[in-house]
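So that you can tell them apart, the chains are marked A, B and C in the order they are listed, and the count of residues begins at 1 in each.
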């Protein structure tokens, strides 16, 4: 794994003594599993991922590919039957998987904040939004109730909620979808965390509002120099908001790299499928674009070999038997046997 | 909603009293009742010679007028003797024969007892319900639910004597039992516990159901993602939403406490409203007994109404619908 | 995924009609507390039928030389304040409890099903009246109302009996008025406890009426009676069985309560509630006299509650999944 970090071209080597910046968040061989009656579901299956200070990384994939479970593993907020059974999640010099419950409480909200997909259900219906924003600050920043209230009012103003003083004592059902997500963002940013996990923050919103919310998150993140992990299935969001992108399939990473490179030259057929086209060198003018056929695999009984082969138009015997590993291709890395000839040609 | 129910409750109570077994005139006169002139006199004095409907309207007038009539004790005779001798238990100083004062005077004692029972219920039953929900489908959960079923199924007149035998005879924690010596005396502890066992299951079950419902909700995860201590996650984010089903069962809890007080006050000889009901039912002091029944019905109806109102207060979404 | 599997299971089980009930029975047999309830119920039936032959004494037989005794070889559970054998009286109390449970349950079920079904099918003012009546009955503190009704009833029944005796020389009971007490209790408890079943039946019918499969049947031209017999009855039977079981225990408990308060079974009749209140004064000196009928009452009531709970889990599985 020693060479892993050197694949980050956007980080210039300074004087040769320090070959690489230490990642803010470093996920190593993470395995997250769920015990169900049908068997063990491998939601995250050996994922490794680095997140560097100040960057915005997009984590993309279809629903059920393990994006959200990765984020919840970082927060250690997996549902009852789920557990991160192996691997490391290093953050600020600690392995989060080994932190005590007490340490995790300090980290959650204080060092790492999370924005959830559906703000209506993710916010407590029986508590005023003002209190929901200020309560975390009372804990992490040790503010008095009054101070927290003042800060919360500033935050509400900052995230663009008109007349915050009147809105402070409102309940979540009294807000529109976009405003709800702004409240959620205010909560996430309230304690100035270093890392933000945004789980499909705009999926539940109207298209017109999506851009505003994305801009708001980007703006706030830039202001405070925050590092962010954007979980999404929307390549448009990745293109517009992220520095780097990592593509997940069946609980593992299939491709990652700088956004421009991955979007312009997707190496993995799955990434190509997500982008809705087959820009392979073999394709002739007039070939039809394709979208990925079939369904994501059953995570209880994964096929041997490449997990994508049942849906892959390029799959051959090797793909069915041998699992590809991530290889460097230009600025990006992809795990696919079929990329090799493509790169050599 | 409230008024028609109360009127029909009154009509039923009054009809039962009207056709009831004990002739109020005889109750007043005692041995003298065979004297026909005296009998007619008293009957007229009590207004019992008038037709049923007139008597009922008159009764309704007295009730709504806020003066609930007079105990038969006011008219002297055996009923009076009995009412006075039985009515003046420890702690009850009134010699008044006004139904309102008798009922309200006794109610204070029952209310204090019920208040203690409610304190036990809120502390233990809600805590147990939360614990059972958090430990859902484990041995702890089954143990809590099963023991609540046991506690609530066994009537007060079985639990009461058994606790007396244990805590007075076997392990003498309490020396004096029975009677009423104010809310803060040791005598109040045992009866309050016995009274609390009745509605316990309802509260444990509803709390458990409410918390289980809330446990998987996204907003609880958000609260945890803020790094709140678990105690605050439960208290601020879960309990309030989870308490809604508990609140809707307040009517059940109230009638449970009222029914329980009938037995608890009988066993521990506490001069509360339950004891008053049984005494007056037995002695035939119908005006007072009917007053108690009506008053209890009124309490139940009011609590149900309050529940609906509070429901709106607890769940901010309700006002919006 | 669980839903899919169970849906498939139901699909395959369709041709065999009884399998739902067999499933329920298997489910019930796995519940140890419910098995305890079944055992208690059988024991109660047995004792209430054969009780008098199980003991050499009569439940009213007094022996003033041997009062308030502890357990001995002659009297396994001791004797009460009048020297009556406790075991015999407890056994006879089982008969009282079972009779009350049985007749009140039949009464409330008939009344509840008729009123509930009438409300649901006829609608309009009938429905309004039934629901109103249920609301009002619910507004009363039920034991107090039952006590009031039974006091009034007892007087009326006594008067009636006297009249009958004068006119025809016919009497309901000689000397021992315990059958009269039974009658009074049956009546008053039925009048107070019918509304739960009426609401249940009405709710079941109303909710089933809106279900798609009923509409589909109707569209296929099925008659009302076909629908009632083939769908409404089997579908409402589960909740009704649970309600009947719980109600059975409830009726026995109410009888004990009324008797404890002195308005139910009168001495010398034997009722567990009456025995508790009768011996309450002895709790310091002869605690067993209070504890024994109490424990028996508690076990029986618990048994029926556990059985009701078990039946609820077995017969209404969708409720349990929540």
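Miscellaneous remarks
Keep this in mind: a residue touches a chain if its C-beta (ideal position, glycine included) is under 8 Å from a C-beta of that chain, and two chains touch if they have at least 3 such contacts.
Remember, predicted model here, so these are calculated numbers, not experimental data.
Compared with chain C, the chain whose C-alpha mean position is the greatest distance off is A.
The interface holding more C-beta pairs in contact, when A-B is weighed against B-C, is B-C.
Between chain A and chain C, the centres computed from C-alpha atoms are 60 Å apart.
Centroid to centroid, with C-alpha atoms defining each point, chain A and chain B lie 57 Å apart. Chain centres here are Cα means. That of chain B falls 24 Å from that of chain C. The residues of chain A never reach two or more other chains; the list is empty.
Of all residues in chain A, those touching chain B in their complex are 75, 77, 79, 104-110, 113-114, 116, 118, 121-127, 131, 135-136, 139-140, 171, 173-174, 184, 187.
The part of chain B that touches chain A in the complex is made up of residues 216-219, 221-229, 232, 236-237, 240-241, 314-317, 320. Contact residues on chain C toward chain B in their complex (touch as defined above): 33, 132, 135-136, 138-145, 147-149, 151-152, 154-156, 249, 253, 256-257, 260-263, 273, 276-277, 280, 283-284, 287, 290-291, 294-295, 297-298, 301-302, 305-306, 309, 322. The touching residues of chain B, counted against chain C in their complex, run 5, 8-9, 12-13, 16, 19-21, 146, 149-150, 153-155, 157-158, 161-162, 164-165, 168-169, 209, 212-213, 255, 258-259, 262-263, 266-267, 277-278, 281-282, 289, 292-293, 296-297, 300-301.
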